[in-house]
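I have a structure here, written as structure tokens, and I will follow up with some questions on it.
In this document, chain identifiers A, B, C and D correspond to the written order of the chains, with residue numbering beginning at 1 in each.
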Amino acid sequence: MDKHNRSRLSSVVLPLLLGLAVIILWQSQLLHRMIDADTFTLPLPGRIFNIIVENIGKILINMKATVTVALGGLLMGSLLGYLLAIIASAFPKWGTGGLAVVSSFNAIPIIAIAPILNNLTKDFSRDPNVRSMLAKTLVVMITCTVSMSVNAYRGFTELKPFSEDLMKSFAASKGTIFLKLKVPNSVPYIFTALRVSVPASVISAMVSEYFAEYIIGVGRQIRENIVLAQYATAWAYIVAAIVIGVTMYLILLAVERASMKGRP
Amino acid sequence: MANANETEINIKGLCVNFPDKDNGGDIQALKDVNLAIKEGSFVSLLGPSGCGKTTLLRSIADLQDISSGIISVKGKTPKETRLSQQYGIVFQSPVLYEWRTVRRNICMPMEVIGLPKEERTRRVDEVLELVGLTEFGRKYPHQLSGGMQQRVGIARALALDPEILLMDEPFSALDEFTKEKLQIDLLSIWQKTKKTILFVTHNIQESVFLSDDVVVLSPHPGRVSAVVNIGLKRPRDLAIRETAEFAALVSKVRHSFEGIYE
Amino acid sequence: MTEARKNSLTDKLVIIVWIIALIIVWEIGASVVEKTKRSPQNVLPHLSQIVESVFSDKMVSNKQTAFQIVITNAGITLLRAGIGFLYGAGAGFLLALAMHRFITVEKATFPYLMMIQMIPILGMAPIVLAITQDINKSRIIIAAILTFYPVATNMLDGLKSVEKEKYDLMRSLAASNWNIYTKLLIPTSIPYIFSGLKIAAPMAITASILVDTLQGGAGLGTMLSQSLKHAMSIYVFWQIVFFSATVGILSYKLMSFAEKIFSPHERAKGAR
Amino acid sequence: MKNLNKSVFLLVLLLTVVSSVFAGGESETVEEFSYYAADASVESILTDAATKGQVGNWGLGNEYEVLALLTKYDLPTSYLSQAFDMDGFDDDSILLASAMTYNELGLVKNSYDGGYGYGEDVSFIDMNDEGVAMLEDNLFTKAEFAAENPETVKAFIYASMKGWEYACANPEEAAEIVFNYGSSVSPEHQAYMAGEVKKLVETDTEGNTVTSYGEIDEDAMAQTLSLAKTYIKLEDSVAAKALEAMELDDIRDSSYWEEAMASEGSFDVEKADVSVQLKWLPQAQFMGYYVALDKGYYDEVGLNVTIIPGGGDIGETTAVYTGQVDFGVTWVSNLIAAKAAGMDLLEIAQVYQRSGLVLVYKTE
């Protein structure tokens, strides 16, 4: 086995070992003794696992709802952000300032945006599930738009020296320069944005579920169970949340690796 | 020079191997290198890319593990030499700390060994004058030209007043005019300070112009194929390049490469 | 007027125009809402109404007007955000150093750092509360947990960005580890640390508002949720929305300012 | 000039997008809403709202009485998540909205700040009348704490009930005291609330007057536990089994209240500095505790009491269980759920003698 493979293997094995160690400490309650917690607020992994197995159907329904919102919002937000970046780079003088204003939206807490959107979308549909879905997706969209627009804009403007001059020397049109130079150049920046917004989309999907009219979603279940002091069940849904987040992130990394082939 | 004949650096049977990523074997970077460098002399290591000249320099500097052989610097191992800060090193790029001013960049080695502040100030003034940058002490690296940045690098290497100066293609990234100016300046610094200078270059004219001896290295595996003594008078100036003697030496060095490349 | 100053002036002008555009959009929305909803102030009030509520001297609780409530509670929340931010930044700093020093630590912990970010605050809170037995300590710790990640990852990138030659130089001087860290690694990663801090500072504030809502008491988040639950004037909610956005932006600016102080060479670059 | 053109173009583009979004919202066809006749039967109203899926409740453990009521009439038990305001009721997205008599019902009817001003145009279904009432605000502590600090527990009950007695005798003054302790609920609503809370404290589920403040009514508790066992659905099978097997003795202990009430009012307290966690925001719902604090009743029994407002997401049961506070006010159903999850909590007094939950609807 050569060095490269060994290094890749160790980046899988080491975290697994650490995870295993923590789970053993946790299940044997040594962890509880270390941090002075009890088995109600920090239920044992075995019990959490049992709850997951017993309620897998219900958990999957809730996961589906959360994933739909997170992915929908991520997609809409990223597309909108990219579009904003295109407009901004077409009018750089106004665009830069516009993006500065847009990025200030990041400073508004989600818990403030979620109820506003919930009220704003009331007229959208008679079906509360549909209008809740829209409200939640819009919240996620807002959180994802900013990072995409800022990063994609950098991708359009931070070009390799002379590359634009080279295109101009071919008498390439603005459209050609955009498609052949700026869009490919923005690809790594798109992934930079997504690495921020993929985890953010999951978190904001869950927070927006707290405020939604229609009761569904992993985040909502976590909250219901914690308010009712059902920590073991809440942890089952926390595990579900982590599974969603990590899976989405891993998929992103795989897509990134595939589409960045040949780039340094 | 009183003790100009004493051997400063002695290399015997030096081999350096690198692991080969493609087939798992080893690549011989240096094979059976023997070399003796006299104290106070200016020696160039000359050769094309991949001939191991930088590897040789880095081995002497103890920045590179050797596979076999002996390197001794005044009877000490490279590691001992490094730990006692007996050499200064200048890289191809100036390697300046962009967040420090010129003065504080030069100070850095002295801070590392913990010299008192007054001593540091005194020496900085000294070396700044030596490299002709007295006016620029308060500037940041990015405010200087490439040539000036490289001078700062040289000044920093001189700051601890080491016996040996190791220079790894220090002028290769500079334009011709700046390069000539710095070559002259380097010679005058060498004359004033009487350091032993080991100078890596791939430029034949440069090696002939600067050196007492030119060590010609050949690649695959890296080894010493010739040592050409340059008997040009000192001090040298640019005019010497116009002489027939210079041209003859350049051609002699060039001929020593014959047979290496078909 | 120099070219540079002229440019920065037009930049400011552009931003002002954008803000005006946003205001216009908001007002159009508010007008639509006003005509279609029974309680428009709960959905989207006119900006003038929010401004009016700021200057209104109507008592919302027994001693305070809406704006006084926002300001006094903001103090508590921002203090917690500040302390949480300092702890978080400190922890991120140390963790980045550890991950850089020991590749094992990096490989073993890095995936989990990501996962911790996935645990909703609500899930973490009871555990932290059970450990600390104190809601305010818990709030600070959670704000710290939420802020340390960008600092840690950015600083790790910074530590990894150090050029090989700079290491060689340090090695040639037989520099101690202490010297390598204090004179080379940490100074190199300062710009990276600051880009992490610039992300973390507004996050600390929103996180601090979020953790306020874990339990009653004082704090912007508590007031925000009370206002949403109609236990007090809804304008407190709108004021907090604007206040938190403003403070978030200011915290970013504060970090940029601090960065300038820490990096005099960047300042010299700007002046050239 | 060129830039100006561009900016105008951008602005117009933005405005078009925004206004089209709003226009899209408006053009949605609005259905006829059915308001209910003043003399319509409970069954007909419930059937209409439930089949349309427009019954509202806050969830988070507040929904069991509504579920029981819907089940009683054989109706689907899904409900809408109601925000903690009455906007959903106001804009007709919820036809039958949950409301506490002392809080949301007042906001719906009255027209003071935050109110919706429906006056007499609304009516409601009362859980007590329908036989699905569950007991609400009580006083509880950790079983271990009660066992170790019996005198403290008795002293706290004694002084608190004295506070409740005074508050119910003087609701207006009590409302003012609560307001002065930092509540941001408007004084008018606070006064309304105090009047309604008095009714819940002094009347039982059958409508009889109660004179012994804080007494734990065995029948009402039994009904609460039985409804809880039916409607609290726990995914955790360990907790579900614990709930199944739960008996009244597991969740309440009347002896502290009885001994406190029989005493002369002097106690040898084991722990003088104690805190009580409220279930919700500071308001007249908890006036008894604020009065006891204001009138010095706690001082008289040797206690230094801190009142901690609730309304956050960490429940009062967790706060008491983790030892962060000593006493808590919660609904009996929440206590049962926490107990099922393994938290060893104990009810020591029952302040509200009947359910304050109603389902409010608009009348024609």
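By definition in this document, a contact is a pair of C-beta atoms (placed from the backbone, for glycine too) under 8 Å apart; a residue touches a chain by one contact, two chains touch by 3 or more.
Since we're looking at a predicted model, the values are computed, not measured.
The chains that touch chain A as well as chain B are C.
Relative to the whole-protein C-alpha centroid, the nearest chain centroid is that of C. Centre-to-centre spacing of chain C and chain D amounts to 35 Å, using the average Cα coordinate of each chain.
Between the CA-based centres of chain A and chain C the separation comes to 19 Å, rounded to the whole angstrom. Taking each chain's centre as the average of its CA atoms, chain B and chain D sit 82 Å apart. In chain D, 7, 10, 25-26, 83, 87, 91, 313-314, 318, 322 are the positions where the chain touches two or more neighbouring chains simultaneously. Among all residues of chain C, those that touch two or more other chains are 17, 36, 42-43, 122, 125-126, 129-130, 213, 225, 228. Residue positions of chain B touching 2 or more other chains: none. Chain D meets chain C in the complex at residues 7, 10-11, 14-15, 18-19, 22, 25-26, 83-87, 90-91, 107, 113-114, 116, 179-180, 182-186, 278, 281-283, 308-314, 318-319, 322-324. The residues of chain B lying in touch with chain C in their complex are 58, 61-63, 82-85, 87-89, 91, 93, 95, 97-101, 108-109, 111-113, 139-143, 160.
Those residues of chain A that touch chain C in the complex are listed here as 10-11, 14-15, 17-19, 35-38, 41-42, 93-94, 96-98, 100-101, 104-112, 115-116, 119-120, 123, 199, 202-203, 206-207, 219, 222-223, 226, 231, 234-235, 238, 241-242, 244-246, 249.
Across the interface of their complex, chain A is touched by residues 10-11, 14-15, 17-19, 22, 33, 36, 42-44, 104, 107-112, 114-115, 117-120, 122-123, 125-127, 129-131, 202, 205-206, 209-210, 213, 221, 224-225, 228, 237, 240-241, 244-249, 251-252 of chain C. On chain C, the positions that touch chain D within their shared complex are 17, 21, 24-25, 28-29, 32, 36-39, 42-43, 60-63, 69, 122, 125-126, 129-130, 133-135, 213-217, 222-223, 225-226, 228-234, 236.
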